[in-house]
Amino acid sequence: MLDSCRSFYALRRARSPMLRRIGFFASALLFLGAHAAAEPKAAVLITGSSTVAPLMVEVAKAFEKAHQGARVDVQTGGSARGVSDCRAGLNQIGMISRDPKPDETDFRAVRIARDGLAFIASPDAGVSGLTHDQILSVYRGTVTNWRELGGKDLRIAVVSKAEGRAALELFMAKFGIKSSEIKAQAIVGDEEQAIKTVTATRGSIAYLSVSTVAQAVGRGAKIVPLSYNGNSPTIAAVRSGVYPLTRFLHLIDCGKGTAASKAFLDFVVAEAGQRFIEENQYIPL
Amino acid sequence: MADYLSRLSVRGLGVHYGRRCAVRNVSLEFSGPGITALVGPSGAGKSSLLLACAGLMGDVPGARVDGEVDPGDSGVGIVFQQPLAFPLSIAMNVGLALRERGRSATDVDARVALALQQAGLWTEVKDRLRESATRLSGGQLQRLCIARSLALAPSFLLLDEPCSSLDPMSAKVVENTLRELSGSIHIVIVTHNLAQARRLSNRMIVLWDTDGGGSQVLADGPTETMFREPPHELVKLYLDGQLG
Amino acid sequence: MRYLSLFSLGLFLLFAVSMLIPALRELPRALDAGYLLGVPEAMGRAGGIGPMLFSTLLINGLALVMTVGLGLPLALFLWERGDRVARHSLQRAVILAIDLLAGTPSIVFGLFGSIFFCRILGLGYSILAGAATLAVMTLPLFARLALDAMQASPAAYRPLARSLGLGRRTTALRILIPSVWQGLVAAVVLSWARATSEAAALLFTAGYATRWPESLLDSGRALPVHIFDLAMNVSGGDAMAQRAALVLLVLTTVFVVVCRKFMQGVAQWQIT
Amino acid sequence: MSSPRLVNASLKKTSTSRSDLVYSGSLVLAAGLALASICAIVAFVLIEALPFFRAASWPEFFFSPAWFPGESRFGAAALLVGTLLVVLGAIFVAVPIGISAALALVFYLPQALASRTQAVVEVIAGVPAVVVGLFGLTVVVPLLAGVVPPGLGLPAASVTLGMLLAPQLIVNAAETFRAELPELLRVARSLGISRETVILHLVLPQRLRILIGSSTILTGRAIGETLAVMMVAGNVIQFPESIGSSVRTLNATIALEMPYAEGIHRSALAALAALTFAVVLALRAVVPGQARR
């Protein structure tokens, strides 16, 4: 603080008008900041996966409406941050867009929504479904032209996900392939980037979450959802358990939560919360 | 202006730029009103001597000064060859140094008016003092620089080729200004224009680097005797315009 | 030469305008009070961007004050040493650090901010932490541009001011700054443009909250973060992302115009 | 106008006055605070990267192209090459267009139009990286897909990043060209020199030195820009075989993986950020005139 007083003092004494104006403006803001410091902090802080965050903001709003005075703040930063913040007690609830790893037993993972792994291709590929082995050969780079899969004569542009992403981990688990074995032409991060990359690249194939694909197809995006071993990746198929490649979105509680955070967890899993999840085009339990 | 006999004495002055020696062991005395012309071939260190007398050598990178320049407690003003106005109004250009010293506004305005009068610029600018100084003409700008130095009431005013970038008309106006000022303060003018030196100065100093080891005072005396009986062969050739 | 340069200016403007077409298409719906002041709904796919706009103004206003408040003295500090910059080790170290910072990805600033400002200084996810992080991020850019502007001013001012016995403060504030105010305006505007278009750094510091911030210590989602989220995490969010981007551009345009008028006025006032 | 008797002594140049001391005091303090914040970040990156540097094998880090944190293989070679190629590509796009656009702005446009155009360019500098990235992905990539399949890759990244850097370069260059321009043009007109000669012989040689000096901040920004590049570069970890193949930069890796990185992987990403510093230093050393400015 000493420095801002000194520079403020110097500025105020500086006869040049411009600097005096900046000095005045700076001190007013600092005063506003100090006065505001007394505000109460958020009751429930949720951090974690950016895929789940948009949904949680809406659910949090509904929760605040249902429980006057409660206050829920949602922050992003990725699944890893959701876990580390939770363990460090920096948040009350963590968000992860994957099933907990076998060694992750030090926290309670609450399933809040379903999701599945869907494969999509660009329309000019001319294919509507692939088998497990076909997908494996495409991602291993042994098959490089759609013609070999019954599609048009077009080079396959394989799109995969970046390290650590839940979809990649699910893909590696279900297909028993290591990330170093994947021969991709493009690697994307978030879901929407996958959709846009496929629409922009001829003959491309990618994997991402079923709900994103359902919403994109609903909006008329230029992508073709591929059936997996004959199962088409629809929200109904995942909800009914027919679709084989599924995962759950979780909220995690490391035992450092407050009464409000416990109430929030129950709210999300309860009827009202699930209806809300469905309204926002995610797949309820 | 100066109400008692001020004295600017230079003793054993040397100016070195790295290994090259520009000025070697120069001792001079300037006192009382009058105009001294400092002449000599270009590159003879005239400007370095002037800068040293104004105490500005510290600013020049790589320059080393030995010997002593003692202005006593009288002010030394300097006007550089390239006239340059601050990005401020005419009044502010002249009065900035005074305002910084905390003089009252009325005192500053009075002094600015006086300085502009002494520089012979007052009549031309007295009703546009608030305008930006960058719109003045070459001759006006040079006189503004002179006024700027005069505002600090120096006893000595050093000018580095004041009229070199001016048209003849403006040069004449500046010369008349200097002639009037020389009644009250001591002016040292560096010039290549020997006719101007003869017209203006009552004393002439010839600076020459005879042996390549740095310029020294070749001749120093009244201007007329310098022209009529040059004390040194080189000076005679120089004054006839064959050398330098 | 004439046609080549005019052609490249035209090429750049063509690229820039076609980049903005999706955003410009949203113009009628963007300049509507309900949208500008309303609260977002359905993950941002509907409703307004009131809280984001307010957070953006707060964060970037504060950040600019800090950037100029620290950047201008830093640039003056470097300019004071003037020609000896090359040799003076401290100045060379400063310019080196400035260049390093310019090369640092903005996500690293976000992480630094989240650890230093949010956790160590205890500001948590807040407007103040976001503003401080932005300030630290744009400081090098502003200091460097301001220094370049100052070094473009006539070199003869320095000995001239010294010959008149002017102090360092007067030389800097009354002579140097007025003579390069155009360069300084450009530096302020470019720093503002760099800061207001930043999303990654704010994601971890100012946070993601979409409610109206009540104080500087409240988390507030800035507009670029909102745009990033809509484009990257919300399916069908593109149109709203472009609309928000248009609002951000209008904000920057207003700032550019105001900045030029303000500085012109000051410069005019300064010389009298 | 009576001429007051001026006593010389009172106007002698005073030593540094009190306001000067306060001024340079606050200058040093603010500069110190700014410097401290700058060094804090450099230190933060190095401290975060320390655990990785202690544990990792250096040859693998610098020479192996295999970056697979899941299998704890941390080879950054391909990422380094990716960054260098994208930065050089972006400069190859931004500098010619930027400099000549700035020349057009300063020399060939009437003053009123020039200042309004420069204002537009300054606004374009404020376009969020997401919008540029989206434009890159939806327009630039399909356009290039025909020329250099598959579209995503080095050319798309260079064009997109180049256009992201251009506004800042244009404004910076225009301001630098505009300095001391009126006298230059006056002299040129008086000697009948054509505008082109003024540019080629008077303005460019002298001003280019300043521009080169400040170009390191441009290359810095090119290295620092993450999002727009990440969307169009393809991000495949490989030494690019052809001009059109996909590349991944150091920063794209940090941005893609940081939210999902834990422990040694996170420290490895900080090591990549430290590597970015090394690249900035290397580029600075290559650019002449930087130290002597």
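Quick notes on this structure:
Just so it is clear, A, B, C and D label the chains in written order, and each chain counts residues from 1 on its own.
In the analysis below, a residue touches a chain if its C-beta (ideal position, glycine included) is under 8 Å from a C-beta of that chain, and two chains touch if they have at least 3 such contacts.
This is a predicted model, so every value here is computed, not measured.
A comparison of the A-D and C-D interfaces places the larger number of contacting C-beta pairs at C-D. Among the remaining chains, B is positioned farthest from subunit D, on the basis of C-alpha centroids. Centre-to-centre spacing of subunit A and subunit D amounts to 31 Å, using the average Cα coordinate of each chain. Note on chain placement: the centre of subunit C and the centre of subunit D lie 15 Å apart, centres being C-alpha means.
In this assembly, the C-alpha centroid of subunit B lies 48 Å from the C-alpha centroid of subunit C.
Mean C-alpha positions place subunit A and subunit B at a centre distance of 75 Å.
Among all residues of subunit D, those that touch two or more other chains are 13-14, 17, 19, 23, 26, 29-30, 33, 134, 255, 258. Touching two or more other chains at once are residues 69, 73, 154, 165, 167, 169, 173-174, 231-232, 270 of subunit C. For subunit A, residues that reach two or more other chains under the stated contact definition are 7, 14, 50, 76-77, 189, 193.
Across the complex, subunit C is touched by residues 54, 56, 59-61, 77-78, 80, 82, 84, 86-89, 91-92, 96-97, 100, 130, 132, 148-149, 152 of subunit B. On the subunit D side of its complex with subunit A, the touching residues are 19, 22-23, 25-26, 29-30, 33, 66, 68-71, 73, 134, 137-138, 141-142, 145, 149-152, 230-231, 234-237, 246, 248, 255-262, 265-266.
Of all residues in subunit C, those touching subunit B in their complex are 83-84, 154, 156-160, 162-167, 170, 174-175, 178-179, 270-272.
By the touch criterion given at the top, residues 7, 14, 16-19, 22, 25-26, 29, 32-33, 36-37, 39, 41-42, 45, 50-51, 53-55, 57-58, 73-77, 90, 189-193, 195, 211-212, 215-216, 219, 280-281 of subunit A touch subunit C in their complex.
Looking at the complex, you find that subunit D touches subunit C at residues 13-14, 16-17, 19-20, 23-24, 26-31, 33-35, 37-42, 44-45, 48, 96-98, 100-101, 103-105, 107-109, 117, 119-132, 134-135, 139, 163, 166-168, 170-172, 175-176, 178-180, 195-196, 199-200, 210, 213-214, 216-217, 219-221, 223-227, 250-251, 254-255, 258, 270, 273, 276-277, 279-281, 284, 291-293.
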